[in-house]
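In the two assemblies presented below, chain A is common to both, partnered first by chain B and then by chain C.
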Partner chain A sequence: MFTQVYGDNGKMKEYHYTGPVEHRFSPYSFNGGTVLAVAGEDFAIVASDTRLSEGYSIHSRDSPKCYKLTNTTVIGCSGFHGDCLTLTKIIDARLKMYKHSNNKSMTSGAIAATLSTILYGRRFFPYYVYNIIGGLDEEGKGAVYSFDPVGSYQRGTYKAGGSASAMLQPLLDNQIGFKNMEGVQHLPLNQEKAVQLVKDVFISAAERDVYTGDALRICIVTKEGIKEETVPLRKD
Partner chain B sequence: RKMATLSVCQPQLGGFSFENCKRNAVLEAEVTKLGCNIPSARKTGTTICGVVFKDGIVLGADTRATEGMIVADKNCSKIHYISPNIYCCGAGTAADTEMTTQIISSNLELHSLSTSRLPRVATANRMLKQMLFRYQGHIGAALVLGGVDCNGPHLYSIYPHGSTDKLPYVTMGSGSLAAMAVFEDRYKQDMEEEDAKRLVRDAIAAGIFNDLGSGSNIDLCVITKGRVDYLRPHDMANKKGVRTGNYKYKQGTTGVLTKSVIKLDLEVVEETVQTMDTS
Partner chain C sequence: MKCHPLFLPYSRWRDAHPIVHSQKYHRMRRVCRLISKTLSKMALSSVLQSESADFSFNNDRSFSFGCRFGQTDLGFGAAPGDRLNFAIKASLGPDDKDGPERKIEFLHGTTTLAFKFQHGVIVAVDSRATAGAYIASQTVKKVIEINPYLLGTMAGGAADCSFWERLLARQCRVYELRNKERISVAAASKLLANMVYQYKGMGLSMGTMVCGWDKRGPGLYYVDSEGNRVCGDLFAVGSGSMYAYGVVDSGLRQDLSVEEACELGRRAIYQATYRDAYSGGQVNLYHVHSEGWTRVSQEDVLKLHHQYQEPKK
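Here is the complex of A and B:
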């Protein structure tokens, strides 16, 4: 049944429908989570929260979204967890195939280009995943590659993705990109300050985004290897 | 001549009162033409609950208000005053719970003056359900009403369409399942006050940690004959993480393009201070 209202031109206008509605099966679901990557002069940081949720419930408080690909590259994937798992499996397989046919590991730039092709291959039934790759390029400098669900990508210095990305990105634009500030010294970002900034920014994201919380996993990529750090966040 | 109870503002013409719907439809059309959206109603997510114990009632609520899946208010108050001996927790649309409880509180005060008696919980329940039914569920207010009157302690749960249940323990809101799980496990008849407070605190905590729509602190309200303890906050279950960096800007960081000074001759009549969270 529904209630009708007389619109402007005097004709009956339906404004509220409360009868039975047909719902189609949706192959996607949103599992929350936020990822962040920052590149420095000789390091790269990829961080993600560890909460896996669906609707108003929490599936897991310990499900990190950073995956190690090579000794110099880490990928952060958030969105639909089913597609995140499948996509990382596919990327691992492609890494192995490349290593066996070219006798060397894939570089960060090569992984990014390959991922773009993999994602566009599913242009008409996309992987519902927001990817950010963080690692060191061939010269040892930090690199961040950010993607959209169908494979458009771009190299940058910093990017936030996932549920709280709209809250984090403006803050990073200001603190790392020095945007909208006058008369401030453009100091290059060192590793300690970058890690401190990432922790603070996730503490703030956990305050206002219900999908972000529980714990923060930080992967720091340097020429020595990949170091992992875990920091607790709000659990509510 | 009929002796009718005094009520504020409401011309009881009977049936539904949808007079604002045409206006809302026109406003929505105008706003959409400009390319904007009408603001969405803020819902409270929420876990609220109540329990009857030996000497009275304990009501509990979390303090998070959400707008979509973003936290709009980290410390809002969901336990509303109805009368000195009756309080009401509200879940659903924040404006609806606030305004509905205020209207009934006002009408109940007038009724209490007219009858020269302390108001009864059943009266508040009847007034709330009759108003909500009149609006056919369009007022999204799900309430837990509790109080102590001349007939003892009473606890009701009231649904947006106007149905009510009179029970010894109730939960409402998106976290109601988590809270009810705790109640079903540990509720006993005729508990002591401390046990009842601990049970309600644990039920709300279950909602806060397991439901994404609920969070922050736990507020409690203990009502007994002749005494009300409004404990806000009773338990700060979640403190904000401490940030190590300093994000204060020096004067002049925001570029000034033009400046014009207009002097206003004002005289300070009253000065009040309201604290806000600037951490």
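Here is the complex of A and C:
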């Protein structure tokens, strides 16, 4: 009889000692967290929980995963916190370089393309980060760009990333994408409904995912600027 | 060059315990040094060099592994024999046990096909991307528009395909500017094949079809990361390719009209998505003709299902 426990990398491992075990140093660790982005007609929302965990412990209850890049773009990064921090520093530096050489801020589409190349530059030792960029494009419409760890990206209207992504994405498919529903009216999403939906969705995620919880940070991007809102979630 | 603090303890240990190597090992090191000299001229580093040079820890990493190579930004300059336990793995794919469990989206689960006929080339693809058993996206664009008269399909690693084909687009444009004429499909596919051949064995995963129309007529080449480059009249790539081949082989004639050919391509992808769990989403259809390519249609597989199955009932 033995108990199954989860190892650091999320895989089940036997707790029953069976002999000498070779430990390998892994340069990665999984710090949890969920990120969500939704794009509307003239706004974009990027939301993330604020829990930073590792294995069984919680390192911090106040570590949001959304980072403001420009007045019109916010990025959410979840995965390995070390790589998240470095990646955001690199993006900030690239933004500054662009600003100085081109005398204007980078647009959301340009940031997405740049991030793709930055991530692919580490194709053989990837940044273990799931990125989602939310912002306004040149015409002022909401845009969401979702990435994989090595830089493949696509523009969409909504995306969930991180530990609870598999739970949130189907809900968003149904409520925002109206998928798998026959004969329903496709109402365009307005800002208040979108914010309420994001809150509800994260409350559900916190119920069923151990790595999501504590608090929810929502960044709402409109042409007036970026507004931040914090909502408490389950702390258990 | 300062060594990254993460690797400092190891290097101290390493210098205190020198390892004596065989002749075979030293021969391999010389070969790798030669390779790494060319690495610094390769596509990946030349694209990224100007912008990200200051921020990579890659130079430090190659120092700490004990083999100083020429300036590369790539950081995988460690010789094979030198690989350490915590060394950077050449390939981090879905079957990687040590790293994060479900990492990079691979599109082996896919169906893409292209065939030549009298009016050009039809390209049909599905749009599903899976990461393990999770469907990461149902709206992936697996046809990459290299330029207005060249298309590339995507199968394998999504990032690999889109990055290298974007680089190919750049190379094709440079060719056009230098030679004042459009690049041929054969030359474009050869450029792509040569670019990825330099990374053979390092874990790139890419199976693409380069389709276009040049002065020799319709062109269709299959290029993959193993080094294959073949010219042909019909290719289907991916886990659903067998199902697609069945449909296209039974319906393909050289004298098809454009409508019939599009319908054939559409039906083939639909049948593949029906039977292959890893293919699905939408069917994207493109037609390449003498004026360039046209996006013919994008249809949800569910809608096609009603269209094809309903009349039978």
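In this section, the second predicted complex is superposed on the first by the 219 of 236 C-alpha atoms of A that agree within 3 Å, B and C clash if a C-alpha of one lies under 4 Å from a C-alpha of the other, contacts with A are read in each partner's own complex, and residues count from 1 in each chain.
Methods note: a residue touches a chain if its C-beta (ideal position, glycine included) is under 8 Å from a C-beta of that chain, and two chains touch if they have at least 3 such contacts.
As the structure is a prediction and not an experimental result, all values here were calculated from the model.
In this overlay on chain A, chain B fits alongside chain C without clashing. Touch criterion not met for A:L187: it reaches neither chain B nor chain C. Once chain A of one complex is fitted onto chain A of the other, the partner contacts of A:Y120 are limited to chain C, with no touch recorded for chain B. When the two structures are aligned on the shared chain, A:F80 is found in touch with chain C, with no touch to chain B. Of the two partner chains, chain B is the only one that A:Q196 touches; chain C does not reach it.
Of the two partner chains, chain C is the only one that A:D148 touches; chain B does not reach it.
When the two structures are aligned on the shared chain, A:F25 is found in touch with chain C, with no touch to chain B. Remark: least CA distance from chain B to chain C after fitting both complexes onto chain A is 10 Å. No residue of chain A lies at the contact with chain B in one complex and also at the contact with chain C in the other. By the touch criterion stated above, chain B contacts chain A in their complex at residues 18, 21-22, 25-26, 29, 45, 64, 66, 69-71, 74, 174, 208-216, 237-238, 240-245, 247, 249-250, 252-255.
By the touch criterion given at the top, residues 44, 47-48, 51-52, 55-56, 61, 73-76, 85-86, 88-92, 97-101, 103-105, 131, 134, 136-137, 139-141, 157-160, 162-163, 202-204 of chain C touch chain A in their complex.
Looking at the complex, you find that chain A touches chain B at residues 3, 5-8, 13, 15, 53, 55-58, 163, 175, 180-184, 193, 196-197, 199-200, 203-204, 206-211, 233-236.
Chain A meets chain C in the complex at residues 9-11, 24-28, 30, 79-80, 89-90, 93-94, 97, 116-126, 128, 146, 148-152, 154, 156, 166.
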